[in-house]
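Letters A, B, C and D mark the chains in the order given here, with residues in each chain numbered from 1 onward.
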Amino acid sequence: MDKYIMLINCRDSSNIIAKVTNFISDKTGNITYLDQHVDESQNVFFMRLEFEIENEDFSLSQFKSDFSSELSVKFKMNWSLYHSKEKLKMAIFVSKYDHCMYDLLGRYRSNELNVEIPFIVSNHADLKGIAENFEIPFYHIPVSKDNKIQAEEEQLKLLHKYHINFIVLARYMQIVTPKLINHYKYNIINIHHSFLPAFIGAKPYHSAFKRGVKIIGATSHYVTEELDAGPIIYQDVAHVSHTYSINDLILKGKDIEKIVLSNAVKLHAKRKVMVYNNKTVIFS
Amino acid sequence: MDKYIMLINCRDSSNIIAKVTNFISDKTGNITYLDQHVDESQNVFFMRLEFEIENEDFSLSQFKSDFSSELSVKFKMNWSLYHSKEKLKMAIFVSKYDHCMYDLLGRYRSNELNVEIPFIVSNHADLKGIAENFEIPFYHIPVSKDNKIQAEEEQLKLLHKYHINFIVLARYMQIVTPKLINHYKYNIINIHHSFLPAFIGAKPYHSAFKRGVKIIGATSHYVTEELDAGPIIYQDVAHVSHTYSINDLILKGKDIEKIVLSNAVKLHAKRKVMVYNNKTVIFS
Amino acid sequence: MDKYIMLINCRDSSNIIAKVTNFISDKTGNITYLDQHVDESQNVFFMRLEFEIENEDFSLSQFKSDFSSELSVKFKMNWSLYHSKEKLKMAIFVSKYDHCMYDLLGRYRSNELNVEIPFIVSNHADLKGIAENFEIPFYHIPVSKDNKIQAEEEQLKLLHKYHINFIVLARYMQIVTPKLINHYKYNIINIHHSFLPAFIGAKPYHSAFKRGVKIIGATSHYVTEELDAGPIIYQDVAHVSHTYSINDLILKGKDIEKIVLSNAVKLHAKRKVMVYNNKTVIFS
Amino acid sequence: MDKYIMLINCRDSSNIIAKVTNFISDKTGNITYLDQHVDESQNVFFMRLEFEIENEDFSLSQFKSDFSSELSVKFKMNWSLYHSKEKLKMAIFVSKYDHCMYDLLGRYRSNELNVEIPFIVSNHADLKGIAENFEIPFYHIPVSKDNKIQAEEEQLKLLHKYHINFIVLARYMQIVTPKLINHYKYNIINIHHSFLPAFIGAKPYHSAFKRGVKIIGATSHYVTEELDAGPIIYQDVAHVSHTYSINDLILKGKDIEKIVLSNAVKLHAKRKVMVYNNKTVIFS
């Protein structure tokens, strides 16, 4: 039995839900999950469906072309369709911090993440040993003021070679180039170590300490050209007090960062995220 | 434009979603919301829909009888249909504690709860003044060992007189009689002052203190004949420490109780709860 | 038996704890609580003590003058001493929103807050009825562009007449004048409806909606001349999702605001807060 | 400069704080931290101090014997004194689950835990590879019905050989023998995968699923002879819903278990925990 995941968004209009479910049903699909959302301030409709096909004569290409002509054109839909067994290929970019990378690789090894990780890339060699322990190819591509363009080219070559679908910046500490962002639009996930939009930019824990906040947080978001301003996927926080030094904040923060980043990766990998107007719809 | 809410559960089978959405669409309904769940361990399907009718010729009774003959009988569905403007009538049962009652009445006055509150009943007269401030009829029905049956009769008379749909035990402190429970099956909401199933029964904060827990909680659930064992609607918790005396736990707990109870009331009032096998499905 | 609370801060130096505890002990005081903190980045020492005096010959003024000459001058201490039964007098400033005021008054009536509330003042008459229900004098002082100075004068007169110690802005919606701020330095508590420093200024829930955050919050802080930038006393948050409209955010936010403001009031009333360098030390 | 940590508990009586601080001060100690607690229901006093010694002539043994004769005997104190650089030696017991062990070892490598880990022991060989990656000796001691006593003997030999101070059961899945418990009283930390006292015993996630709870949790506690009933050190929880299968609960629970266990280990390693009457005092 084949299982498919379908994502749709379009201008809201009358009875889209019934039309789509009817279409799938006519094509011998058995819908096993449906979640939908209407953004009333924008008048936009979002839907995520899962359906099963038992019919041996089912033609995916026929389904796609019929859906396009019968529904998608008419409602000007953005839509995508995945086989549930198609795992996304995910590249990890790291720098020197190991906690997020460790967390992702531990979950990867326990089959918690629905992805393949063909390689890890870093601008430093420090984490090579960990990658080797997990038997994942590690590429060291140093980045400096002078070699930015060349480094980006090497990264892009690797990404193409391994057919990477999305990138995770696991505390990568470098600003990603616009070219890479455009190649992987809404497919680069960053972890920022504050509850955005508070403390944008570098050293957020230092800023949190200075401001005397009683809560710190972390935010995973898609990378866009504006720094730390992309669509937010997941956030979490922890209570702190005046007794926390900057180092205590950093330590506490690491635990939040790990959880927040891995949650975002899971949501993305299960195709549960849609982006619209710089915001995300996160399906249940 | 009329708006309806529909709740369905039945044995899971192929393509129920499409069949129901198709039916509603044929009846000129525009589905604006759909959430569904399959309990795979029980093989049971649950769905909640909202749909709008603009058609002036729409006949609700025709819709119901057709739904019954075309779908409900075939799939052995349990289903219900509400006009979205029909407010449920809610009775509040209290004893001497005022915090949950205050919270509910404050929200009622701010139109936060989607209900009508025709009256408040109590086994003590202490909270009469508060009810009067909010201009809600208050009935004092003392309950003792000797008058249990008579008190229950008086309560039932009031409940019938005011056409009450559901009852909220806002720290009522009395065990409700089986007769009342059966009259209002899954329509009596209790707030228990612990994170059930920990600390069932009386004085849970004393038990929490004795056990030295680091987290306390509260649980709202439907009342069933077995004490504190009914389907859980909502729970929340708070961190505590060794510095909390029993009184501190009680004080902290009151804040959780209020929030938990009002959340359960809101979910129930919006028909977002279905009960199956002593558990709840809470729709989004 | 008399019980006293003492707060001290000064430049950190060797063995202040022992010197102070020794002094109190010599004066026949039995220390029942001590919490202390050193801000290592500023090299500042903070301490809060509670002690009991059973001795009938104890002279408070002697204690104070001896403490001053023997310790305070030498270590350049800022210190204060309160009898534990001295309740602070708190004025509530409101506008049209009632949820925070309701919450405070409910707790006041249940003796949860360790304060007296001599009056409530508002720039609108809307909440007069609630104040009357709680039998607290209510003053309506309209504020407009033209009468700002006069309104401030009226407020100050009331504050002096009732010997008010601190002011709570329970969603007061007006910017407090510098004159008032200086009269009540670190004695005006505001509730801001976001997790500061995110979303400073007006309409934070609208900004939160626009940014698509997955967590909203509230912050209670002392008012300083810079808007929403004073020392933070307490913060809390709640998870939200794309399904929340602005109104849903506002509704959810109200529950957080109430809890956060009442927590700040309790901490202040129990003299558990010290301010230094625009940050707070919150004693346990 | 030497730094010491001191823990004291005794029957509460007048001015113990001043007497102890005075004693330390007389011995040229500079107290840099003090936290204290009185359990009023038991009339027991608890205190944790940190102090520094710059004096080269300071004699630790003299300090101890004087403290004993001058204070400890008189007040019947239980007390202990540690040099802050003395790291506790911690053994990890595991079975087949790797998530808690991974988490502890990752933190160990990042110097987050204030301990030494001389070895890991397991009743299965599955996690040997991970231990080797972290370069920590791994002992495989199979446990069956027939060899329980012999296995315990081997464990005890290892524990003695490596001078182990405390044991962490990182999802060890075996019931520890009374002999071991007595050898390491309040020095064996277990992680139980529910918010105790709910769901004691095996398969708590299955029970949580069956009961339909909306919150799951984890509890770290000291092991005592009564199953899952020892003093609680740390607890945390996460919200769940009807959409969670048992496997989803297990997965979500793993994240809580890791955080809860590592928090308990950190508190124990920093000597911030005192046990009394089957409850813990956790110092700040």
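To be clear about the criterion, a contact is a pair of C-beta atoms (placed from the backbone, for glycine too) under 8 Å apart; a residue touches a chain by one contact, two chains touch by 3 or more.
Just so you know, these numbers come straight off a predicted model, no measurement behind them.
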From subunit C, which chain is the farthest off, judged by mean CA positions? A
With contacts counted as defined, which of the two, B-D or C-D, has more C-beta pairs across the interface? B-D
Centre-of-Cα separation between subunit D and subunit C, whole angstrom: 37
Whole-Å gap separating subunit B and subunit D, where each centre is the average of the chain's CA atoms: 42
Which positions in subunit C are in touch with at least two other chains? 243, 284
Which residues of subunit C touch subunit A in their complex? 37, 39-41, 195-199, 209, 211-215, 217, 231-237, 241-243, 245-246, 278-282
Contact footprint of subunit D on subunit C as seen in their complex: 14-15, 17-19, 21-22, 24-25, 29-36, 38, 239, 284
Once bound in the complex, which stretches of subunit D touch subunit A? 98-99, 102-103, 106, 109-110, 112, 133, 243, 251, 255, 259, 284
